[in-house]
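Quick one: this structure, given as structure tokens, is what I'll be asking you about.
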Amino acid sequence: MKYLYYPGCSLKGSGRSYEESLLASFKKLGVEMHELPDWNCCGATAYMAVDEMKAFALAARNLALAERYGDGEPVTLVAPCNACYLALMKVQKYMAEYDEVGRTISDALASADLSYRGGVRVRQSLDVLLNDVGLDLLAEKINHPLGQWKVACYYGCQAVRPFAPFDDEYNPMSMDHLMRSIGAEPVDWPLKARCCGGTLTGTIPTVGLRLSYIILREAIDRGANVVATACPLCQFNLECYQSQMGREYGEDLDMPIVYYSQLLGQALGIDDRSLGLQRHFVPLTAAAAVG
Amino acid sequence: MSKDTPLPSAEGFEPRIVAFFCNWCTYTASDLAGTSRMQYAPNTRVIRVMCSGRIDPRFVLQTLREGADGVLLGGCRPGDCHYQSGNYKCLRRFKLLKRYLAQMGVENERVRLEWIAASEGDRVQKVTNEMVEQIRKLGHCRLEQIPRPETEPAAETHDLEQVGAGGMI
Amino acid sequence: MAQRTPRMSNLHITRRIKYQNELDLGFGKVMTSIPGAEDLLRCIQCGTCSSTCPLSIYMDHTPRKIIAMTRAGFKDEVLSSATIWLCASCYSCTVDCPKKIKITDVMYALKRKAIEEKVWPRGLPIPVLAKEFFASVLRTGRANEGRTVAKVWLKTRPLKLLANMGLGLRLMARGRMSMKSERMTGSVDQLRKILDSVHNSDTGHSPG
Amino acid sequence: MIMHRKSPEDQPRIGVYVCHCGVNIAAKVDVEHVRDFAASLPGVVVSRDYKFACSDPGQELIQKDIREHDLNRIVVASCSPQLHERTFRRTCADAGLSPFFFQMANIREHVSWVTVDPGAATTKARALVAAAVRRVARAEALALRQVPVRPEVLVVGGGIAGIHSALTLANAGKKVFLVEREPTIGGHMAQLDKTFPTMDCSACILTPKMSDVKNHPNITMWTYSEVDEVSGFTGNFKVKVRRKARYIKEELCVGCGDCVDACVMKKEKVQVPDEFNVGLSKRKAVYMPFPQATPACMVIDPKQCLQLMKGKCAQTCVDACERAAVDFDQTDEIVEIDVGAIVMATGFRPFDAKRIPEYGYGRFDHVYTTLEVERLVNASGPTGGEVVLRDGTVPKTVGVIHCVGSRDRRHNAYCSKVCCMAALKMAHLVKERTGAEVFDFYVDMRTPSKGYEEFYDQVLSEGVQFIRGRVAEVTDWAMTPEEEGKLVIRVEDTLIGVARRVPVDMVILAVGLEPQVDTAEMQRRFNISCSQEGFFLERHPKLAPVSTFTDGIFLAGACQGPKDIPEVVAQAGAAAAEALALVDRGHVDIEPNTAWIEEEACSGCKTCIPLCPFNAITRDEEKAIAVVNDAMCKGCGTCVAACPSGAAQQNMFTDEQIYEEIEGVLAYV
């Protein structure tokens, strides 16, 4: 299996351990990931608020590069970050659905000798793990099952909304299946895809922190001892503001927030350092204390 | 409006399309498009037949010969034919006709067969618009070399039918 | 909601009426021309968006009301509302709307309109973040989270920057943040060319 | 018999009438221009435009012209022939002209209503008028064919619609076959507890009608039966009915229930969900759907019965039946009947609430549908009429949610019409039975019928809490201690403009109405059409609401669209009346559009014979030519299109007429 890989800005910054653990895991599973050369920012959510067409153009350039990379062959572009995944999916859909978007973006790409004809399949890494790698192969490769973890699988919003071609919009299960396959126990909880507050944690902390806290609180109430995320922003919010939330709500929060790929990596026998676990504030070992 | 109202776009080419619709499904659907006030390209002229099975391939040839740029055939969805199987018969003839037309140099997109149920007014709109756009790109259809049906040697028609028939058109 | 004993001084007795000439009756129609907002006028005011929205409880007008106001031409109120800035783009409303209105896209469109007409609430960091993000990408082709956030705080709440210094340093220590900008491997010029081209062929909702 | 004044050999003298249809046509098509254009066409003697051609003065104008200008062909350019072809044919006939010397040009549905640009619309109208003029010149005098009609009527479906239709027809002295798929008639209405707005007990008003059906000398009632095949045409349908094996001899069974007591499936865990109680109770392999089932006859479920599945059972039922009614050797039986008309009364299917996962149906035990609660509140239901939840407790707070699956473009865009009242009824009944605090979540309250608004008013005054807002989610996610262990309804109270969380013990989903799951199949079997939503399509939404596009088949009840009981009954009566009007007349007029063979041209190649779906073509071996049986030909024209020598022709659709039409639409632009 061979894929083109779009890291996005966060996976080179605050979400480095997502990239580290994901690439290491894929490697161990025999999946080749090639980073899209010369990629640019997807535009994320912020850009859309300033200029819609430019936001589309940003994302579209990456698709155009990917299509060119494929040189006529079908290309699958894996975007592990939810915001990138959504931005790429969205421009793809809107270019096809809205003539105005299709025309404007095609013209803009043409000004830089690029074109996009819709030949790239954009996929979330969870989708690839579940539906291409498959649970059977995973079961074969798992050599360190993680029976100690009760995982609250936290998908965030944009992996499943609004496009959700591989999972349910409110009660997604792909990460749950993945966690079960590595021996961990996913907890059943209702906030799997509820908003963590996004950038509001930074801009309007009273609001943002509360949203993140609600997620964390429910995960604890449902008996989880670790939260697994699929999005660098979710991970950042739930982890890096945890002490602030603790102060705000007068609770002693000590919940490790990891990427699903880090748990997968551990189950595949990859060392913690290669999975970037040292980059986290709440160490994974703290988990036992919570459950 | 002047007496000689030109086609809507004087500068561009406006295709002329003749549509043969079956009475029960597609004609009813185009009536529904009307009652639902679905606006679509004004380039088609509908000729009503009772069943798509009545559509003689020679109608299509004659239509193109008379200067139409495209022909749209419409019948009931498979299984829905008011006369049980007329639409299947139409389909078989259509397949042969397409091969024949291709040999004559008529582009594939000019002749189209669509199954449109009585409730699918929106499909009449969509298909018409699509077809008009496609044919607009192709330009005029030129079919001078086809002889008029009256002068057509009987044997040739016969062949056409026989091949299509295979005993069971 | 907090209980408190009513006092005369707390009773905000104001005169509230809307005269037709204060409205922009075509506002809703104008909005429907924006990709994603085409179904806006189909709203039946059921409130599904507002109840599924995790942020509606903080909004001055619920998303449903924003749609009603947009449609009715309450343009000034809509564009100066905190609601549109609180939308975190979780798309819950979009997938839940029984009329398939892409409400998230409507919110984006309103944000752009507010920036374009320069009526966004001053001091609110969100539009500043959006613009800083925009600028950062234009400069390097990629976003630098640390720098962008630092700039936003510097521009809106300098004290906040100091308060979060600690977090920043801890992130840096763990290699999760850097003041050095990530750049595209190729030249940013090509990207700028594309963006400029969009600007030239723009349909009227470019940044102010 | 009308004497036609004009002979077809005469030179065509054509009259053209361009209708304004008020502004429906005239606002888009330049009717005066089309009128003048028509006047220039060959054979046209008179060309006029008129405000409403179909009005009495319009028709009189045509008739006057026929007399004064000696017209022998008429073209009206107006609406679709589906609408007014009959009208104008009669106009012609009344003026002594063969009705088949008339041609219509559809410049409303096909032109003015679908075209943006007036210039383009006028051009298109010209083409269609030219085609009609060219075609009508080649028209031939034909006579309508009369075919005798059978007096029997088939009613498909034994719910309240079918019951009412059948009784109406039977009371008029017609023989009726009533075919019902389930083991009993009664349909959904039999499952209801009370009927709004008067709160009559549903069984009390329905069961007398059910036994009337059973006992009516003119009604043959076949339950547990399905229509397998329909052939023929209006007045003379041939129908094959499959009488499914019940494994009980209907004529012997008295419905005593001894076999049920004896059935070996005693343990609840081997029993199956009871369909009548919507799965809220269990039944055995042998059962009767409910005590008043009609016929009062048992049925054995072949998918559950051990004897039928595995051939191994103690057959205790056989021993228990004193009348020896159990018969494991029964097989399906096919009965063929001939009927003149068919009434479709196949009903609806409730929306499957699982399709809206946000509402937790099937995930949370205490989320119910309205139909389930009907059974809960019913005295003969699984709980004896007590509203108790699956855990045995009585709910203290109940939430009723409207518009489940309706007014939702992701599911059914239409309003299901009955759910507001059904929800109000639920709110009222549950409050009455349990004293619970009831919250009713609605989007728009729709109560427009006799006594309905008054019922809403009553429920309001009873203290049900109404919250205007569509529920986003039913969840077990608790935010406060009071919410622990409850179902939390998340909604915006849109009248107040604030998001609310309402914890309740029980949720009732007012599910919408959907087409039966096999509607598409039925549509094919009966050769009728379906609307976009999947309900059977009426011939005209206003003026032919119970007719279909297939003559002789009529629609009654919710198979045509969501309806409540009063409306269903009214429509069932109307369908019965239409069917009666057909079969009572004794004959139908059939379009003379049959095919015929020109003897001299026929080469006897037999191409046409296997093509005819109605076996109407045979070969005259002596003459070595094909012959069309006029009585069997239905006028599709398939043979005509296939005839290699052009010997086959179709009346009203000759090659010549169609070529004229082709030239007509193309030649004048």
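Just so it is clear, A, B, C and D label the chains in written order, and each chain counts residues from 1 on its own.
As a working rule, contacts are C-beta pairs under 8 Å (C-beta built on N, C-alpha and C of every residue); 3 or more make two chains touch, one makes a residue touch a chain.
Note that the structure is predicted; figures quoted are calculated from it, not measured.
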| item | value |
| --- | --- |
| C-D against A-C, pair bridged by the larger set of C-beta contacts | A-C |
| Geometric centre: closest chain by C-alpha means | D |
| Whole-Å gap separating chain B and chain C, where each centre is the average of the chain's CA atoms | 51 |
| Chain C-chain D separation of Cα centroids, rounded to whole Å | 49 |
| Chain A and chain C, separation of their C-alpha mean positions in angstrom | 23 |
| Contacts with two or more other chains, residues of chain D listed in rising order | 358, 473 |
| Sequence positions of chain A contacting 2 or more other chains | 214 |
| Contacting chain pairs - touch in the sense defined above | A-C, A-D, B-D, C-D |
| Chain C residues touching chain A - in the complex, by the definition given at the top | 34-36, 54-55, 58, 86, 88-92, 94-95, 102, 104, 108-109, 111-112, 115, 124-127, 129-131, 133-134, 137, 141-146, 149, 152-153, 167, 170-171, 174-178, 182, 184-186, 188, 190-191, 193-199, 201-203, 205-207 |
| Interfacial residue positions of chain D with respect to chain C in the complex | 358, 403, 407-410, 443-444, 468-473, 490-494, 497-500 |
| Touching residues (chain side chain D, partner chain A) in the complex | 357-358, 473, 475-477, 479 |
| Chain D contact footprint on chain B (complex, rising order) | 1, 3, 5-8, 16, 18, 24-25, 27-28, 30-31, 33-35, 37-40, 42, 45-51, 53-59, 62-63, 66-68, 79-80, 82-86, 89, 93, 117-120, 122, 125, 149, 154, 157-158, 161-162, 165, 167-169 |
| Of chain A, residues touching chain D in the complex | 168, 170-171, 189-191, 214, 218 |
